[in-house]
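We call the chains A, B, C, D and E, going by the order they appear; numbering starts again at 1 in every chain.
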Amino acid sequence: MTVPDGPAAAGRSPAIVISGAALRFGDTCHFAGLDLTLDGGRTTCLLGPSGIGKTSLLKLIAGLPAAGLSGTVSAGDGAPLAGRIAMMAQRDHLLPWARLIDNTMLGARLRGEAPDESRARAILTRLGLGPAIDLRPEALSGGMRQRAALARTLYEDRPVVLMDEPFSALDAVTRHRLQEVTARALAGRTVLLVTHDPAEALRLGDRVLVLNSRPGALREIEVPGGAIPRDQARGDFAAALGRLFESLGDGGAQG
Amino acid sequence: MGRLAAALGAGIAILLLWQGAVTLFAPPPFILPGPAAVARRLWLDRALLLDHGLITLAEIGLGLVIGTLIGIGAAIAISASRPLRRILLPLVIASQAVPVFAIAPLLVLWLGYGMASKIAMAAIVIFFPVTIALADGIARLEPGLVDLARVMTGGGSPRGRRWRLLRHLYGPAALPALGSGLRIAAAVAPIGAVIGEWVGSAGGLGWLMLQANARAKIDLMFAALALLAVIALLLYRLVDGALRRATPWANSTDILKESEPT
Amino acid sequence: ADRLTVLLDWAVNPDHAALFAAQSQGYFAAQGLEVELIAPSDPNDPPKLVAAGKADLAVTYQPQLVLLVEEGLPLRRVATLVDTPLNSLAVLADGPVKTIADLKGRKIGYSVAGFEDALLQAMLKSAGLAPSDVTLINVNFALATALASGQVDGVIGAFRNFEIPEMRLLGKPARIFAVEDHGVPAYDELVVVAAADKAGDPRIARFNAALEAGVSYTLNHPDAAWAAFVKDHPELNDDLNREAWGLTLPRLAASPAALDPGRFARIAAFLKEAGLIARAGDAGDYAAPPR
Amino acid sequence: MGRLAAALGAGIAILLLWQGAVTLFAPPPFILPGPAAVARRLWLDRALLLDHGLITLAEIGLGLVIGTLIGIGAAIAISASRPLRRILLPLVIASQAVPVFAIAPLLVLWLGYGMASKIAMAAIVIFFPVTIALADGIARLEPGLVDLARVMTGGGSPRGRRWRLLRHLYGPAALPALGSGLRIAAAVAPIGAVIGEWVGSAGGLGWLMLQANARAKIDLMFAALALLAVIALLLYRLVDGALRRATPWANSTDILKESEPT
Amino acid sequence: MTVPDGPAAAGRSPAIVISGAALRFGDTCHFAGLDLTLDGGRTTCLLGPSGIGKTSLLKLIAGLPAAGLSGTVSAGDGAPLAGRIAMMAQRDHLLPWARLIDNTMLGARLRGEAPDESRARAILTRLGLGPAIDLRPEALSGGMRQRAALARTLYEDRPVVLMDEPFSALDAVTRHRLQEVTARALAGRTVLLVTHDPAEALRLGDRVLVLNSRPGALREIEVPGGAIPRDQARGDFAAALGRLFESLGDGGAQG
């Protein structure tokens, strides 16, 4: 009846090994020869200038076709990744004909599993969407739509979760609260979270990576101490934020 | 009732146009009778027209249901599997190039002179727009949703997977497109039934028209035709209304119309 | 040359032999006529279009003409192509129906023409059957095939010069009951009609003269006429049409302009009796006086 | 050439199905001749078929162009103005309920025996799916874009406003829907031309089929029919290909198909 | 050839008077009896919890129909507002068939004006979209799409500009830069900017308002001093930020 906190069996979340990832269009090379391992059961936050290729990288991991993209992806445990991933894309992609609750349980329906309505309700309520449970997407605000997509992703209950700016349309207060809810729900899973909010990255990430085109591909930022979600009031948080901003400043907008 | 007023207005508009054509071009009455003569005939032969109208109505109803089902089935088959598509699509397209008289004897041989052969012929006319519109709608699913479904169903058992995708994703998404196909089908269903009656019949508006035409009872032919047109209009309205209610999320306001002084 | 548009009753076939002979042998041209022969898809259209002034002459059927005049179409017969009935009731030769009375309780197909069910009713009556004793089905495009494939037990509207050999060539020889042998007055199967107000057009007299020459040529030189016919219509060059050609020649009206007023009166009376028309006129209502 | 292989495969599939029906049901050859007999006839009468095929092809081409233009025009009129819609839509729907033989004399009266009356009849068949599909597509513009356009054009001079909205917004947005309509139109265009020929003609595949049917030359009729079906298939391919190239943003990948072993 | 900085004739930007605005669905009342005047030529930033009705308020001002919405809007100068507004909605609403440059000039085309391609290019270049000018939206990243919508709005060159979270999909660096570009381009116009980023509101707003459901409708936050875009390093900025966060905390997520 509650939002699942961590996968049923912790430790089952595989590491993900990406090698030789590249994004090229004709002469333009966004990145190439990128190798990256996402630690199993950990949250990795990815930042980088708009248009550099963060979404494309998520697609690569999810096994989705995307123009210009190449590279190989495998799970650390050797088993296939397909079926173990939940993905929250940058746009909400809600089904316009389905009520919020049905949108949340889409995955179960598509897999032929019995939809667990009480679980879906619990997730929606925890995301502040309780009163909107029977509304169709057209009656939702932008932030509500984004939360609906988040609810759908959490409902999936997969060991690997890819999220593309999951809180960008939320006000500061709601965002702060949902970061906590999400961090708790995803603890112990392998998470790759793309975000534009440096503080968010430092609050939620076991690792924080910056994708930049100019100074080589990926740069890792040292994260502050403390349990996730981290307290922003800690002394080393501000320092880490400063380092991160500096690292981001090196890149500049792409495209 | 604005809807009633609109329907009345449309009826009056058609009558005026018709009378206008008769007055202006003055075609001989045995080629195009005026509305008054046809109205008189509609009244005088109302029992006859009703009898045959009901036969045709039954054929239209059954033809529409069966044609729509076949259309949906064909669209699903075409969308679901590439080999099936390779075989089915050409067959479906070729079926539209077949004139009645070429396959009428065949239909009668297989289905007899009863309702079946007429409904088969009507279904051939009706299913096609449904198939193409629905298949197009399915193929036009937003790429973002395609990706979503792919991640959600990846690695799972493929048993029934396509069916579930269709039921919960592609199907509803294609409903508005299916709507266009159904609207077209609703409008051609009456002529579909009439064509079915050419296969061989002992009643129905198409039969009555053939009969009236052969006896140069042009006003009766046009009375039957008027009835057929009314059936087509009502059917279209019905289907249109049902579709609007079935796809509330797809009814946008139209700026071109909104800007009208209403 | 004066132009003259002639609408045929149906697809080109040996019934139109005289017209095509007059064309191919230049008799029309010799009369200063430039004749255009057009085949419609619906045999009901040509008389209407002539009445509407869209063509000069149309080929139609004598009983049909009576029906059309009753409905107020200003038409007059000006010539005859075939002066006997060709219509018949056909059944399978090896089928169970030996006499018309055997049709009781069976299915009979008919084609589009409006008077065919009247013919049938008269024939049934002559055998003591009522219309309700049989099931009538409009088989529209498929008289011969409907019968040959056993979908109906008989068909009215089979032309004895065409459908009958056709049935035999299909391997299903037919037994026929000629309409005029079973209670239907003899009539002209194919007549040429003009609009009432143009029936006196001098071009029509010249047309008739050429037509008469065409008939004579066809009757006198059947093989040459056939050769000319299929030269213009290669798609008709087959066994069936060759046989139909032979069966049609004796049916051609040797004197196309000649009018038998009594036939009109009799067929009109017959149609009135059948309830198809309210008023039976006399020949003057249907035919232009021969000149 | 995968496309050629697919076309060949489809052709072979149709032939096999046909031969299968003939073998299985053994209909008399005067009702359904086998592919071999028809192929023989196709070869023997190739000159004749080519002659008449070219006539029909010309009618199809003109009918398709004119029908499409009328269809687009009607869709625009229906979408642009409520009063026009009230009058036009019922007329457009009623037009689909009219059998040839009812208006053939009228068409001949007004347009003569030439191409015009045939093309008019063909256009009646062809324009309708285009109209409905395009009008539906226009009415389904995303509400967000409707709002955007409203803010952008608010207060401006209304002169030509609708036309510009159509040209730059509603039109392109409705292109994929128009595509569905055009695909349907392409497939029914051949029968449209054949029906046109029933108005009265001296040539064309429809004329040839009528002649052949009336004279029990069933193999010739089916040879003409086969030719017509091939024309329909090629036309569909052509239109389909052109549409794909014209709306590259609307070509989604289809998960149902993607999951096929290719 | 450059992005227009401020309207051709400053001072022409009218004030906007909203009175009796309400958003109700059945028994649920998001806000009611809301009166608000947007100062002419000034930028007002609006914050508030997700789903409270910020977007709906923008629609009211833009004269767009929206379910549940009521209220009257007029311009301070008495002239009609229609035709003087440019609006950047929460979603990008790019035309999928049009290249970036054509998307930018859509307004001109719809109004039958000659599209000014060099101006559109200049705007796009300044927003970092120069290399993408001939791409269609499907080839753009999320942030690039948002910038495209921004470019389209700036191209409109209207005295009244409504923006709904214009920078939410942008990385911190790009966001910072574009806030400056936008502020300069919109100086002297009447701007209503909805945002979820408190720092953004304080950088760009002449006035900052918080829409909350519980403590009455609108609350105004005192802004720090300095010219817009304001320097975040100023001492009173942090204080204002604190006040703003506090005010936001009172509301809580809606929906």
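The rule is short, and it goes like this: a contact is a pair of C-beta atoms (placed from the backbone, for glycine too) under 8 Å apart; a residue touches a chain by one contact, two chains touch by 3 or more.
Here is each chain with its UniProt name: A, E = ABC transporter ATP-binding protein; B, D = ABC transporter permease.
As the structure is a prediction and not an experimental result, all values here were calculated from the model.
> Taking contact as defined at the start, I'd like the list of chains shared as neighbours by subunit A and subunit B (ABC transporter permease).
Touching subunit A and subunit B (ABC transporter permease) alike: no chains returned.
> Write down the pair of chains with the top C-beta contact pair count.
Result of the pairwise contact count: B-D comes out on top.
> Would you identify the chain whose Cα-based centre sits farthest away from the centre of subunit A?
Most distant chain from subunit A: C.
> Provide the C-alpha centroid distance between subunit B (ABC transporter permease) and subunit C, rounded to the nearest whole angstrom.
38
> With centres defined as the mean C-alpha position, give me the subunit A-subunit C separation in Å.
Once rounded, the distance between the two centres reads 83 Å.
> Hey, how far is the Cα centre of subunit B (ABC transporter permease) from the one of subunit D (ABC transporter permease), in Å?
Chain centres of subunit B (ABC transporter permease) and subunit D (ABC transporter permease), defined by C-alpha means, are spaced 15 Å apart.
> Averaging over Cα atoms per chain, report the distance between subunit A and subunit D (ABC transporter permease) in Å.
Averaging C-alpha atoms per chain gives centres 48 Å apart.
> Using the touch rule from the top of the page, what residues of subunit C touch 2 or more other chains?
In subunit C, 42, 44, 48, 52, 141, 145, 149 touch at least two other chains.
> Mind pulling the residue numbers of subunit E that touch at least two other chains?
Each of 91, 138 in subunit E touches at least two other chains.
> Among the residues of subunit D (ABC transporter permease), which ones contact at least 2 other chains?
Each of 27, 31, 101, 105, 109, 142-143, 149-150, 161, 165, 210, 213, 250, 253 in subunit D (ABC transporter permease) touches at least two other chains.
> Going by the touch rule stated at the top, which chains touch which?
The complete list of chain pairs in contact reads A-B, A-E, B-C, B-D, C-D, D-E.
> Sort out for me which residues of subunit E touch subunit D (ABC transporter permease) in the complex.
59, 62-64, 80-87, 89, 91, 93, 95-98, 106-107, 109-112, 136-138, 156
> Report the residues of subunit E in contact with subunit A in the complex, numbered from low to high.
It comes out as residues 28, 47-51, 53-55, 67, 90-91, 128-129, 131-132, 139-144, 147, 164-165, 168-175, 177, 196-198, 245, 248-249, 251-255.
> If we count contacts the way the header does, which residues on subunit B (ABC transporter permease) are in touch with subunit C in the complex?
Residues in contact with subunit C: 27-31, 100-101, 104-105, 108-109, 112-113, 197-202, 207, 210-211, 213-218.
> Can you name the residues of subunit C that touch subunit B (ABC transporter permease) in the complex?
Listed in rising order, the residues of subunit C that touch subunit B (ABC transporter permease) are 42, 44, 48, 51-52, 64, 67-68, 70-73, 107, 109, 112-114, 135-142, 145-146, 149, 151-152, 276.
> Any idea which subunit C residues touch subunit D (ABC transporter permease) in the complex?
7, 10-13, 38-42, 44-45, 48-49, 52, 54, 141, 144-145, 148-149, 166, 169-170, 234-236, 238, 240-241
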